[in-house]
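Two complexes are shown next, each including chain A; its partner changes from chain B in the first to chain C in the second.
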Partner chain A sequence: MNTAAAAPGRSFRRLPEDIMNIGLPEELLHLEAVRSLHQGLGRLYPEVRWHHSQPRRSEAPEVIISEGDACFPFKKTIRTSCSLAGRADALLVPRLVRLDGYLMCPNFRGLPDLVALNLERSSSEPRRPPLISPLIDEQGPGGRRGSLKQAMEALSGTLGLEPQLDPALALTEASNPEDQSTACPGKGCIALLGHPYMLGDKRLNSRIPEIIRSRGYRTITPESVPFARLDRLASERDYYAKTLYWRFARETLGGYIYFSREQPVSGIIFLVSFNCGLDALLRVELAALHRRSEQPVPLLTHVSDEHTQQEHVVTRIEAFLDILDGLPHA
Partner chain B sequence: MRITFPNLGSMHIFCKAIAKAASIPYQLPPPTTDETRELGEYYTNESVCLPLKIILGNFIQALELGADTIVMVGSGPPCRLGVYDRTIKTILDDLGYSYRWLTIPGLFNWQAFLQNKAEADQLRRELTPRNYLAFPGALRLGWKKMRCCEQLEHAAMRKRAVAADPRQVDQALKHGLQALDEAASLKELSTGAREALDRLKSLPETGYSPLKVVMVGEVYTVMEPSINLDIERRLGYLGVEVHRSSYFSSHIRRGSRLDRRLLRQREQLLSLARPYLNYDVGAECNVSVAESVQAAQEGFDGAVHVYPFSCMPETNAAAVLSAVGPEIGLPVLGLPLDRKDMDVRLNTQIEAFVDIMHMRRSGRSA
Partner chain C sequence: MHEIFLGIDVGSVTTKVVALSRDLSLLDSVYLRTFGNPIRAVAKGLERVKTSHPNIQVAAVATTGSGRTLAAKLVGTSLVKNEITTHTLAAVHILPEVQTIIEIGGQDSKIIIVRDRLAVDFAMNTVCAAGTGSFLDQQAGRLGLDVEELGRLALTSDNPLPISGRCTVFAETDMIHKQQVGESEADIVAGLCRSLVRNYLATVAKGKRLAAPLVFQGGVAANPAIVREFERQIGQPLTISPHFGVTGAYGAALLASRSEEEQPPFRGFELLERNFHIESFLCGECEEGCSVLCLYRDGDCIAHWNDRCGRYSAADHPGATGS
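This part shows the complex of A and B:
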């Protein structure tokens, strides 16, 4: 196996068995495009050992640069990335610009640069692995293949690893999205809307999906519905050229319409983080849609990091579920 | 038809001039106050940025006074400004207002044309041949007024820092802008602008060498005093000369893409941010970083970075500037703005910032 292309003056920890360790922050893995990239790279380079989670609290990473009033998921991603740097031979933080032809939030464009600025100023030098930040900019339907290929080439070029599989094969297999059932047995379904990391990360969503499931409801997310369908629903709200141009804002808006009209659920919970710029505007739009609906599905907007204790979150969710239990259609 | 537009710096002066000269009825929103902001806050949520809240408040107040056609400055992705119209329309529709909406595009392209087409078609039927005939002249007068307002504001920022009594600068600026507002022809405008500038120049000076800072950040926050809590004036009173590149005319010239020299200059400027930002984050983020680096290279004493709390692109710029400032030897005052109740705190912050710049200039470590 080839070793990483090390920058002068930098040293890397190498395990005895000479295993290449790559860090990829867990928050990004909630995005399907990054999961695909990760799976593809896993097939191409089976000898690589991947690391995704932050270490224990006692080993909390040192973050030099203040992220100011950025949202909690953004801060958490930077911190996870910095913590992984200490354990990895290379750090993979893709620069996500556009998915499925729609834009990502500006924070994703600047994320690799902020991670780099933190690493460069970290006092734990010279343990600073190279930062690989392939550009993921899917401008059209065929964009996924091109951007994944570019990402893999960038990774191979920087680390000098030889792929052990035909990249075209890895790409094809990696591009298959996961399938989710949309059936709602038992008490019914609660649809969870929000950015994928809000829906999937327990620290970010305050374990709300678990609370809901413990009360006998099934949780369902827009990921179970093809994005093209959600996109068509979201486009009902576009006018002239005034398109809602963020990828996950469209998924959330389309998801709201889908779960309130196409496949009505018992209730909808919109999980947002404080200061999320996109969700701030979507909250206005969803509230307006909810008010205008003749038979609105109960909607709760939950700002996860506004609560200081888990008990507050549990009480809030239980109150919402109590309302649903009392409704005839629940 | 009665058009209205948001309060944004001296925008009301030249928008009013265009409407008046083209004989189109207009309704100015009342000056932005706490009530304006509170209206915007009430109908949105805590994470919506301050400019949207203020603009929404402006429009509600103008619609209550009889306006029926809203003219709004637009922008493109990925910033939220690009969908302000969509969000504000959603709220105004919910409140039951009846109105029409026209967006002045940030970039003059097909999308901009499409955004306005349906409503512009409707408005076109209400305009008379007299309106059409007067429109080219009205635009010319409006453009000249815009340039004169900016020239005067620019001169006042410099003079305030060295004036023996900075309050006289404010008085002269107020009278000058009023004269420009009232000018009904290009000749009157030219005379008014010259007299206002002469009045500013004639004010007595202290003879001190002022501190020089560059003001960078989100466009609306940089240009609108009610949003940035009049930071230019506050700094001027403490003997600080404020420079900024964000003016209406520069944004319009860049948006029109006619002036290639301006676009090249912009590209050169942005290259200064590349050691820290390898990609265009969006809106003015990279420009904020680049202008701060340029200010350090040109010997400025500091940079003031103003942006609305929760602004996505500028949050990135703030993080970068917090790292870059010490490395390039430039004190940076970052001000995320949201509520007005930070008045006294802001004075304390600015005073401390000015003290640091004075100490650095006199060779003492800060």
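This part shows the complex of A and C:
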């Protein structure tokens, strides 16, 4: 399903220097599954040059389809994907359906379709490379390995690439660019909760991790804890008519319980995006848990796209850190 | 010459300057409308302080408010603090046993929970200015009243009318409708004050425990009808800060008095003699597209800020990062 699709009528064209350029939007790389896929493909096809970020602002293309009420991270991912189209021989936009057995939100499931639609309707984009969208559905027997296989076959078939080693050896656990130890030396740790792209993307998180670190705190995320453990903690709250079946909702909820009870940190900041329904639900849930706690770890919920002025972001984060520092007011 | 500590609070609507003596007694306070020109507002504030007290020397200065970074560049200080912390400093200094601070300013409203003289929790309004001073100001203007009159008029009403407080647009629609059907102006503005307080408690305080004693500060504390409504809805008396209009600047001045860091020489009075202006440009180096600001003094760019990555501001002061 959708292994190599979209952008009909376009054929692959190699760049003059004969180096294969593949675009994979940076927002998705904050998801461990996609990072793992990317690193596996890097081992299989070492000759490929990867592109992830949007170009300079002035060169970014207009996105035609507004995607209605979708959240800002989703819109940004579409924009990044479209901007990569001009520089890449192929776009890799995985169709993320289920991770670790839990669902991704419908927007991200439909991401390849929206990217394809935008590319198709964009009149300003003369080059439309093939869009490769391997299915990542970690429920069935194939799982992450199956999606790597699909992506590899698509790259071989569409672009004529030959793998450099046995695909079974290519896929290992993804390494994280950030140090993910759980030690909290110095002033302590601030746990950041939220969707991985909110935690990792500077534009989406308004550089909050940098502000925190500049004040001497270490930032820590749920990725440092095995998901199975977070999932078990989240299941304590499975009393709804339906259990919380979104992958990153379980990670966030489990992360909150972990960092407030199992390994208490100095403070917790929940980074949310305004239009995310999942985040709206979790805000209420975390606030309820926080209120009920006898010794609550200070919690701040920050709606990133409610602030266009960086000063307003700094005000809230700095005030939160002042509280943690116990700045004497008397 | 006697030494003073200065606090400057550049807010969205007003700019405040407070001067404290060495013994922390209030020497002077200035409250001005910013009118979208913070450089001129800061200059005017400093001019008033200097004119009233010609023999002063500024020992330390701190800035706060949404224009705090600009103000710090103008006067030359590294003491730049968020409003939550400065408002807490001021409230605790004035009433050490304070437990809850309610602050409503021009476009900000905050609640700060204090225990043992330390802030332990806070919340602020977000993108919506419903229930802030500028909303009251705008509605007073629409009714042809001064904002000060609005509170006094509301106090004469025994029958506050239901007005939507969740959104300024809906509130205005409600008020216009009630005017059209002939309701009294006093009942309408009393209803407005009631809805503002209801909105604050629902969207800013959001169920936080409002323990006594409560201190009310910020420009809106001047409105007696809002005070009455808070006391009615919370069921507890409020202490109005004696410096309610300038508490942010007051807290900043207190912060300046505690600073042990060596500060650069105060250059705020240069504002009265030299030509300062700001120019901005849109950085295109990445997708963030920061609007980078540059402060010019007599035609020379002396400081950059508002560049999130620090590309420009770090070059002003090697080793520093942008804000």
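Some observations on this one:
By our rule, the second predicted complex is superposed on the first by the 296 of 330 C-alpha atoms of A that agree within 3 Å, B and C clash if a C-alpha of one lies under 4 Å from a C-alpha of the other, contacts with A are read in each partner's own complex, and residues count from 1 in each chain.
Rule of thumb we're sticking to: a contact is a pair of C-beta atoms (placed from the backbone, for glycine too) under 8 Å apart; a residue touches a chain by one contact, two chains touch by 3 or more.
Remember, predicted model here, so these are calculated numbers, not experimental data.
By the document's definition of touching, of the two partners only chain B reaches A:95; chain C does not.
In the superposition on chain A, A:39 makes contact with neither chain B nor chain C. Of the two partner chains placed by the overlay, only chain B lies in contact with A:281; chain C stays clear of it.
Look at A:242: by the touch rule set out above, it reaches chain B but stays clear of chain C. Once the two complexes are overlaid on the shared chain, A:318 sits against chain C while remaining clear of chain B.
In the superposition on chain A, no contact is made by A:122 with either chain B or chain C. In the superposed pair of complexes, A:219 makes contact with neither chain B nor chain C. Using the contact criterion defined above for the overlaid structures, shared-chain residue A:203 touches chain C, although it does not reach chain B. Residue overlap on chain A between the chain B contacts of one complex and the chain C contacts of the other covers 291. Remark: chain A residues 53-58, 60, 80, 202-203, 206-207, 210, 214, 291, 298, 303, 306-307, 309-312, 314-316, 318-320, 322-323, 326-330 touch chain C in the complex. Within the complex formed with chain A, the residues of chain C that make contact are 66, 68-69, 81-85, 88-89, 92-93, 96, 114, 117-122, 124, 126-127, 207, 282-290, 306, 308, 321, 323. Here chain A touches chain B in the complex through residues 64-70, 95, 97, 103-107, 109-110, 112-114, 117, 121, 133, 135, 239-242, 244-246, 272, 274-281, 283-285, 288, 291, going by the rule given at the top. Looking at the complex, you find that chain B touches chain A at residues 44-49, 77-80, 82-83, 85-87, 90-91, 93-94, 110-111, 114-118, 276-283, 285, 309-313, 315-316, 318-320, 322-323, 334, 336.
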